[in-house]
Amino acid sequence: MQYTIQQIADALGAESQGETGLIIEGAAEPSDAGPAELAMAMSPKYAEALSGGSARAAVLWVDADWKALGLDAAIFVPRPRMAMAGITEMLDRGQGVEAGIHPSAVVDPSAVLAEDVAIGPLTVIGARARIGKGAVIGAHCVIGMDAVLGEDATLREMVSIGARAQIGDRFIAQPGARIGGDGFSFVTPEVSDVENVRKTMGDKGEARAQSWLRIHSLGAVEIGDDVEIGSNCTIDNGTIRNTCIGNGSKLDNLVHVGHNTRVGQDCLLCGQTGVSGSVEIGNNVVLGGQTGVVDNIFIGDGVISGGGTKILSNVPAGRVMMGYPGIKMETHTDVYKAQRRLPRMARDVEALKKAVFKQPSSD
Amino acid sequence: MQYTIQQIADALGAESQGETGLIIEGAAEPSDAGPAELAMAMSPKYAEALSGGSARAAVLWVDADWKALGLDAAIFVPRPRMAMAGITEMLDRGQGVEAGIHPSAVVDPSAVLAEDVAIGPLTVIGARARIGKGAVIGAHCVIGMDAVLGEDATLREMVSIGARAQIGDRFIAQPGARIGGDGFSFVTPEVSDVENVRKTMGDKGEARAQSWLRIHSLGAVEIGDDVEIGSNCTIDNGTIRNTCIGNGSKLDNLVHVGHNTRVGQDCLLCGQTGVSGSVEIGNNVVLGGQTGVVDNIFIGDGVISGGGTKILSNVPAGRVMMGYPGIKMETHTDVYKAQRRLPRMARDVEALKKAVFKQPSSD
Amino acid sequence: MQYTIQQIADALGAESQGETGLIIEGAAEPSDAGPAELAMAMSPKYAEALSGGSARAAVLWVDADWKALGLDAAIFVPRPRMAMAGITEMLDRGQGVEAGIHPSAVVDPSAVLAEDVAIGPLTVIGARARIGKGAVIGAHCVIGMDAVLGEDATLREMVSIGARAQIGDRFIAQPGARIGGDGFSFVTPEVSDVENVRKTMGDKGEARAQSWLRIHSLGAVEIGDDVEIGSNCTIDNGTIRNTCIGNGSKLDNLVHVGHNTRVGQDCLLCGQTGVSGSVEIGNNVVLGGQTGVVDNIFIGDGVISGGGTKILSNVPAGRVMMGYPGIKMETHTDVYKAQRRLPRMARDVEALKKAVFKQPSSD
């Protein structure tokens, strides 16, 4: 993969200067960059390290003095992370899945595959599954019966997609992602301890030990366009309706989405976030790493949660959340500051009691 | 798969009325149901939506006026979630694993398989493994050498079971479940920082940097009857004895159970719960999503933990837990309410100090 | 596998007494041990159970009276866990991967494998991958193109290693470990809500709904010598540079390490720990189970975190951390104790206000 500085700048819609015919074969950090690598030096702080490498060209901030940095060519970008999107897309060397269907793949004769799909070794495609054009499916994937995969899908190795899943265009799944396991749904013949505790917030009542009966998942998983699912994620089938992930939403590694839950559009669910069953999540929601969400609540549009937040009740649109139980981030910050002063406050209260009530400290 | 209303009602032991010969091919939510689908409308709230769909038959609450709802037939159930168990089991269309052993499967000649097992494409079965009758094993599974799997097992795709695992009847494993990885157990040649911190609750002492030596797992995993393990779960081998999961217990997705731990009967471990090594968990325990349990403690029968609880010490039978560190839910609720008022209390204490001691606020 | 008591004692550098020619075929807990099994009874507490089993030989503490325990032979060890490392290594029966390359494996002709490697059924090895001598690779693994695996690697079943990963000697990976998924890195065309919240700690500003553009991962994963990765872990590729795991570090099950993060040497990351992107972790760091670490911070050498700690800012070397947000363990203990007394303190403050200001309680 080779591009000139000019080609990269054009793709980014960015200005370039110097030897714009210079050939670039990859990207690197400023201190590691070789002469055929484009150094990522989008701020003066990073540019300092250029002298430690041997880059001839770099991506710089607007109005940077590229000549003073000893470069032969430069590209200037106003929003560095946006430029990263374009540059890394161009220079991605991929995983090397070869064109065509690998002879070791096991494709059911009733499956319908677009002509140009690339299917890796030992991948299994079930009965009546349909895979759209442009799909690149890695080794060791399993696509269940009657599943539908839209155009231009990219599946890394060992992705599994359950029967009847419906997935839109430009889907990306990282290694080990699990779409369409059965939901975790059980019931006891009589009212259980857990049901009592939920009603009373703490009282188990008189319920006795019982065994669990399984509620099967008749629904499947439905995923919109432009969705990405991280490594070893799990998205469960719905019970009666489908579990849904909206257009443009991205799930990080080891994220869990329970049965019946509906995630809106353009959401980010960061690493190890867990969403229980039957949750309604709006659009443009960002849940920080290790966020937890209890079942049967809603989270409004534009909600943001900090890492580790445990959301235990409905959250109105636009709220920024933090803590366990999750509360408004501002309130959390106030409570947290007061907590840090608690041991001192406890001493103050004891002193006050002594002074006011003439009583001895109880601790 | 087709049933009459009468057949479904009989299977549930429920009453039905109307055209009980009506043919049902699936279940649906009231607003989505087509004429051959049974609408799930077990409470008046859900029944309102029937007019938006075209269901001819529904599952309703006892004494519901089915004719007024415009239906041709109805089934009446006293405990809706129980009815869901029966109905979804009948209507589950499954994953389509075909009868027999797929020609691409790699079965060791010394493995002993019951005659009627269904083994999916590319599944590997190791030396001397034994698989009981009625097993349905999906594509891309690996069953280790000397592993024993009881009758009527259902394994979804990409499940792995390590060598020497012993599993009872009616086992269900969701995609990517990992039974029998090695335990996480390491030791330093001399007493380590971590050992010091555990003894002193915070003081690292004088321990110096050391490397870790591995303690191998000689034990395996032992699983009772009627156990279900969720997608991408991990249950580790024991060190000397086996790690055990008791009859009837169910693990949700991404749950981790460490080496030597024993989980009792009829427990539910919800999504992303992590149980460390050498924990003793009683019967009928329910751990909410993202619960964490430290190593070498016990959790008594019937304990329930709310989502996100971190259990750091022994828990007596019957207790309902919440928080980090996990405490009794009632106490947690009291503490939590007081916390929310902390910033105001801090201001009160400052005002009191000023009034009583005539001293200025220190903040 | 058979050893005499003498051979085991010699391997441990430990003293033995009695019939040191006795043949041992396995290890067991004292109460379960058969006559050919070595009972692990390293403290008087465990030795009590010897009478319940039929062990003829045991591993005991120094100076134990082995004859009084009814044994025919004994091995004496000063540090029990260290002895466990040696004994379990000797007696590990492994997973039974057979010598040579299984005929069902799919090995690219350009891959370079040492002569003595063992490759299990259906494993896929990509173009130009290199695998060092002594490797034992289980069934259903995928090694990506241009990946390098050092000497004496042990991969359990279903491990995936992405393209261009570089891994040192004596690497161990448990089932389902994912090395080299793409990093979770997205950008919006304009400044997003999340960027605003991070700057202002809570104020979302005026940002509007936007879609996410993907930043591809051009870097890979680089792993040192003597590293172990647990079941269903995920370690992501770096964006421009590599994500790194240092020599001797061990990751437990379901651990997540984000893109660009560098973990130092001899660290332990316990079960379900999640480390975000671009984190710098020093040497000899121990993160307890379910620890979370936000992105773009550093954690100094020798830091220890208790289970469930959420680390939200830089941590200096040697600190012992606990809580959410994570703080010094000592401080956390003080705060925690005060929290438990909060409801009482709240009542005290109300009483004080009443006494001092003659005002009625506001609650």
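So that you can tell them apart, the chains are marked A, B and C in the order they are listed, and the count of residues begins at 1 in each.
We take it that contacts are C-beta pairs under 8 Å (C-beta built on N, C-alpha and C of every residue); 3 or more make two chains touch, one makes a residue touch a chain.
As the structure is a prediction and not an experimental result, all values here were calculated from the model.
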### Query
Between chain A and chain B, two copies of one chain sequence, what rotation angle (nearest 5 degrees) aligns their Cα atoms?
120
### Message
With touch defined as above, tell me whether chain B and chain C contact each other through largely the same residue numbers, more than half shared, or through different ones.
### Response
different
### Query
Distance-wise, how many Å sit between the C-alpha centres of chain B and chain C, to the nearest whole number?
23
### Per-residue multi-chain contacts in chain B, two or more chains
122, 140, 158, 176, 232, 254, 272, 290, 324, 339, 342, 345, 349, 352, 356
### Summary
As the complex stands, chain C meets chain A at residues 106, 122, 124, 126-127, 140, 142, 144-145, 158, 160, 162-164, 176, 178, 180-182, 184-187, 189, 193-194, 197, 201-204, 209-218, 232, 234, 236, 239-241, 254, 256, 258, 272, 274, 276, 290, 292, 294, 310, 312, 324-325, 327, 331, 334-335, 337-339, 341-342, 345, 348-349, 351-352, 355-356
### Query
Which residues of chain C touch chain B in their complex?
26-29, 32, 40, 79, 81-82, 84-85, 88-89, 91-96, 102, 104, 120-122, 138-140, 156-158, 172, 174-176, 226, 228, 230-232, 248, 250, 252-254, 266, 268, 270-272, 283-284, 286, 288-290, 301-302, 304, 306-308, 318, 320, 323-324, 328-330, 333, 336, 339-340, 342-343, 345-346, 349, 352-353, 356-357, 363
